[in-house]
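The next part holds the structures, each set out as structure tokens.
In what comes next, chain A is part of two complexes: it sits with chain B in the first one and with chain C in the second one.
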Partner chain A sequence: MMGALLQKEFLEYRRDRRLWLLGVLLFLLLSAASLDGWNRFQADASARASAVEVDRKVWVEQGDNNPHGAAHFSRYAFRPLPVLSAFDPGVFDFAGAAFWMEAHTQNPTSLRRVEDVVVHAPFSSLSPAWVVLVAGSLLVATVLFSSVSRERENGTLKALAASGLSARDFVVGKMGAPTVLIFLLVVLAMTIALGPLLLTKFNPEPTAIRVLMLLVLYFCVLLSFSFAVLWISACARSSGEAFNLSALLWIFFALASPLLAGQLATTIFPDIDEQSLRNEIQLKAQTPFWVGSAGDDAKAAQERAVEEEFGVSDFDSLGFDREALVLQAHEEFANKVYDELYGELQARHRNQDSVQRYMSVLSPLLAAQRISAGIAGTDLLAQWDFADSAEQHRREIIELLNRDMMIHGADKGFSYMADRSLWESIPDYQTSAPSLKEVVRYYFIELSAVCVWLVVMAYLAFRALKTSLVRGQ
Partner chain B sequence: MFRLHLRRQWQAYWSEKRSLISLGLYIFLALWALAGGINWHLQMINVVSKPPADMITDRDTWLADLERVESGETVSAYAARPMAMTFLAVQAPSSLASLAYRHESIHPHATLINGWRNESTLFRRYEVQGASALRAGQLDLAFLVTVIFPLILIILCFDIVTREKESGRLRLYLSQGGSVVELVFARLFVVVTPLMVVPMLCVLAAALAFSAPFGHVLIWLSAMFVYALFWCGVVACVALWSNRSTSAALGSFVVWALIAVLLPSTVQFSAQALYPLPSRVSFLSEARDAEAATRRNLDQRAEAYMAEHPDLVVSTDSAVPAYYRAAYLANIDVNNHTAPLIRAAEEQRSSQRRFVKAVGFLSPALVVQGGIEAASGTGVMYSAAFRRQARSFLNHLLNEIGPATVNASRISSSKARKIPEFIFEPPRVPLGAYFGLVWVGCLGLFLLIIAKRKASHVS
Partner chain C sequence: MLVAKAVRKTYGGIVALEDLNLTVESGSTLCLLGANGAGKSTTMNLFLGFTSPDSGSIEVDGLSPSRTPEAARRKLSYIPENVSLYPALSGLENLRFFDQLSGHQRSDGELTEILVSSGLIRSQVLQPVAQYSKGMKQKVGLAIAFAKGAKALLLDEPLSGLDPKASSEFTGRLRQFQETGCAVLMATHDIFRAKECASTIGIMRAGQLVELLDASQVDAQEIERIYLKHMREDSAI
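So, the complex of A and B:
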């Protein structure tokens, strides 16, 4: 009997023109988004590789130069581009892809792709991840909202109850059919979206695990949404009401919750305006050191540190360049200010992200959107990791340059010229994306929310389906 | 008879839980959007009205130093150098910007322009917003009107006819000589009126608060009106062509999802995919390469510059730091070297705009959003104009200060005074931008006429 019911459900899916229409639309959108995603990835990866190469070449071949002059020109760190950014660009389009490691100043990351957009759509631009989640859930809502309510309206529910169909068979049939449908949908969608991955060079091991995690994530989320729609369908008085409630649920989960989460985040933790940050940098990290006497302690501390390192009691006895010592003292002085200013900025961004995290408990689709970006390596965690590691690298290379000038630039100061050997000794920027373990730890609440939604919705759908068959209405 | 319908629908509207909840939510969102917009506007005014702390030398001090030099007084070798002549470029928010500021945080609104800058470093340190909040965007009145307004209209009107059909009241009503046309139009009128009045009041409040020109307010209100007309047409058609409430709801909802969600995203995506812009990272690489090349061959480059300006006399003022000249030459070389990339990017942007203009007609949401942004003085067109004008001002300034900087001298105070302050000229919005609104209005009228004809045949 259960097999017959499953067969009937599949027959209805096959005959449902809405499913075919939306399926074709989903296929077209997904194919286009997927192709574009991979094109973008290839172009960005190639531009990044070329930029890294040019940066190194320009740096090493700068000729004889004063180390501090070189520190002002300095180098750039470019954000690594994970291969799954083609599937889910996450927040990468909205965050800087490069970091200027110049002397004296910590900069925010720059070069945001979103600034190139000539028209802003009300919602995100199409990416394969967005299409699977938003258009996929729309398809699920449209196909399943009348799954039980129509049986009730047509009187077939009573007939099924009268035929001796057990509640278990009915529930398994009604919930099993969408499970198979969603499994096929996710596998097909992921094959289209990630197909081009097979044609690119990538490190297969970690990416394969991430792909598998994405597959499981999207399956679980769409399944929990389909159970929610089934529950609505079983509880609603009519198909019209079932549709209204399913549509409202979709609107809240897929469209409104990301917007409300963002709005709430910036209302509770408003962004610092760009000029305030620039002013603070100028007034706390630059002017007091160079104009006032606030840097005296930093200079004395730097001098003591050098004396200790070289085992002397008087810096001048070393014959080192004092200008370079002052430059490094400023770095140490300013770095504390940057830790405070950028720490506050990042804390604000973390708080904004936390608001979105707790909002995602209310919407499995929002939770999935966040986890998906985390698995793809295109979330805020990856962005912060890039900005932090690039800043650490900036501090290291500026210190190396100042140290070289201090030791070798005695009596010459800013007219001291270093050569290629110094430029070659400066390490290149390298970083690795956050591991899956870190991602899982960071998105623990979102992952838990998805699991809880799945279990709760499955339970509610199970109860509602059982009750509706027993009552025959 | 129509008045009777209006009265009946009006009473039904204020007694329906569905209507009251929807309207309450709508008013709440409108007030939230307005409050957020006004807050953002005031913050922007605060930002652009104060000179930034890193503008170390203001113009008056710089000119005073220059006049002291000209009168023979001794000043520091660094004082009144052309490289330090700094201008503040700001894009102040226009009077209705608070109504459509959703994506404004993405773009810079202020920068300092002087000889130390080139096109790749003109806008710096403005990318401080949280990326995930930026991705979500802000809830502004433009979003409320283009996305939420039609949704609430659909929720409240999708079953105007089918509800009457399914309950059997329609047959009775028609047998008593009632008209479906009046039924449909009375319901639409009653539902649309409060949905229009709420944003209209918000627009008027913002207009009064920031003294907006009447023309801009009129365009805003017209955009809302034609958009409402269009959605009334859609809802009426779907309601009249549907036999059941379910199919009416499904039809209206799918049209909304297509027009307000999927089509705009698809148009934006297609424009980017068909006319990709040169990568910003590549632009930076070109700029760095050019700067490094100039710095490596500084003497030859300076000689070449002097050869291009045979009227210059080589100065012997050794007190002038050599890095002034180096930085200046590097900056003009960066600008020359990256000019083809900027041109290519501008061409691609134009192609994208043309594409959006051509296919944007498919989505009235995009057309109305464009019209609203143009009336509000926000959107990509304004931020692109600001960047373009700042770049052009920088190049003009570099040309003016070039000979004196390379020659290690100063420009005269009369010449310095002739360089005007940067004033942002809002781009002239072509009439074609508003033609889209006429199109949406015509489409709305057309749909309403079709709906009226269909309604008059319902029996």
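So, the complex of A and C:
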């Protein structure tokens, strides 16, 4: 009986013009988005590789230079570009891709993609991930909203009940058909979206696991949404009402909740003005050290640290350059200020992110958007990881340069010149996206929300379908 | 086969059925006549297990539809006023689907023969049901009921909206059911068709079975006279 019902459901799907029409539309959208994502990834990957190469070449081949002059000239750290950014760019279009590792200053990340894509601005959200989730859920809603209500209106629900069909077979058939449909939809969509990426050179193992996780995520989310629509269809008094309620649910899940979450986050935790941050950095990290006497303690501490390291009681007995020591003392002094000010900024961003996290409990689609970007390595977590690791690298290389100047620049100060061997000894910036373990830990609430939505919606749909058949209406 | 004993059914304080007693034996047909709201459809729904009696009992071949609805429904075929079919599917596909739900695995050839013997023209069998007339759908409904091989057939106003030729064909097919030993319970407004195919005619008024007539003992005019008498009493009440 269950098989007959499934067969009938698929026959109806096959003859449903809406499904074909929306399917073609989804295919076209997905193809366009995938092509765009693929081109964007290739362009970004190529630009990044070239920028990394040029940065290193310019750095290594800068010739003889004072290490502190080189520290001001310094290098760039470029954000890692995960291959899955072509599928889900997450926040990467809106967050800086480069970090200037300059002496004395912790810079914000720069080179945001949106600054260069004005022409495409209206379509900037059209990523394959967005299409699968938002357009895919729209297709699901359109096809399924009348799944039970139409049977009730046509009288076939009563006919099914009168045939002696068991409630279990009816429920499994009604819920099984969309399950198979969504599985095929997600596999097909992921193949279109990720097919070209599979041909690129990348470390296959972690990406394969991430692709699998994305597949499971989108399947579960679309399935929970389909169960919600089935539940509505079984409870609604008419197909018109089922359509309106399904459309409302889709609008809330797919469009309103992300907007609402964003607005709520910045209302509760307003953004910190960039100019104010710069002013505060100047006031706390630069002026007091160079102009006032606030840096005296830092200089003394730095002197003691060097004396301790080299086992002497008087820094001057080492014959090292005192200018370099002061420069490093400033670094240590300023770093504390940066930790405080950027710490506040990051805490603000984390608070904003928390608001979005808890809002995502209300919408499995919003939760999925966040998890998807996390799996793709293009979320805020990856961005923070990049900014933190780049800043850490900045501190390390500036310290190396200051140390070289301190040891080798005695009596020469800023006229001391280092050569290529020093530049080559400075390590390149390297990092990778947060591991899947970190992603799972960070998005635990969102993952739980998706699971709970799936279970609750499956239960509600199950109950409503069963009741519909038993009552024959 | 179909038994109702002292059944009472109310909906929110309104009495739909009161002390209903009826029996339909295998191979016989009971036609229920009555105005709208007389309780005919409620009686059908009780036998189908879509609703339960407040008191009294309902049995389908010894089974209680309210306690074991699925088992009871497997013994029944049901044809409503508007036969419910899937419009995107052809007559053959609809029949195949309901036939499979009944646990059968007939070939397309066998199913086509059943449709044709129910009055459908062979060329119509593969057309989508969306293109069918009401009469054609009734024929598919009969084919589904026949293919199920149920022990009892419930018909709720199956003749309304059918032209005289289609009605005549329908009652003709109905007699085939009786010949197979099937118990038929039909609710209708059509006195003349009721007389034509029923073995017993029941008249329902305000939830009660007020008259039970042996169809072979009365002619259509007499049935009409008795029926109208009860309807006038109903109006007076």
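The rule is short, and it goes like this: the second predicted complex is superposed on the first by the 466 of 473 C-alpha atoms of A that agree within 3 Å, B and C clash if a C-alpha of one lies under 4 Å from a C-alpha of the other, contacts with A are read in each partner's own complex, and residues count from 1 in each chain.
Quick note on the criterion: a residue touches a chain if its C-beta (ideal position, glycine included) is under 8 Å from a C-beta of that chain, and two chains touch if they have at least 3 such contacts.
Note that the structure is a prediction, hence the values are computed from the model and not measured.
Chain B and chain C, once both complexes are superposed via chain A, fit side by side. Contact with chain C, but none with chain B, is seen for A:Arg471 once the two complexes are overlaid on the shared chain. Of the two partner chains, chain B is the only one that A:Phe243 touches; chain C does not reach it. Contacts of A:Gly155 after superposition on the shared chain: chain C is touched, whereas chain B is not. One of chain B and chain C touches more residues of chain A, and that partner is B.
In the superposition on chain A, contact of A:Ala4 is made with chain C only, not with chain B.
When both complexes are overlaid on chain A, the residue A:Ser146 reaches chain B alone and has no touch with chain C.
Touch criterion met: A:Arg15 reaches chain C, while chain B stays clear of it.
Once both structures are fitted on chain A, no C-alpha atom of chain B lies closer than 16 Å to one of chain C. Looking at the complex, you find that chain A touches chain B at residues 18, 29, 32-33, 35-36, 39-40, 43-44, 47-48, 50-51, 54-55, 58, 61-63, 65, 69, 73, 76, 78, 91, 93-98, 107-126, 130, 134-135, 138, 142, 146, 238-240, 243-244, 247-248, 251, 255, 258-263, 265-267, 271-279, 281-283, 286-287, 345, 348-349, 352-353, 356, 379-380, 383. Within the complex formed with chain C, the chain A residues making contact are 1, 3-5, 7-8, 11-12, 15-16, 154-167, 470-473.
Interface residues of chain B facing chain A in the complex, by the touch rule stated above, are 32, 36, 43, 47, 50, 52-54, 102-103, 105-108, 110, 124-139, 143, 146-147, 151, 155, 159, 244-246, 249-250, 253-254, 257, 260-262, 264-273, 276-277, 279-282, 284-285, 288-289, 291-292, 295-296, 323, 345, 349, 352-353, 356, 360, 365-366, 369-370, 379-380, 384. Chain C contributes residues 45, 48, 50, 69-71, 73-78, 80, 82-89, 93, 97-98, 100-103, 148, 154 to its touches with chain A in the complex.
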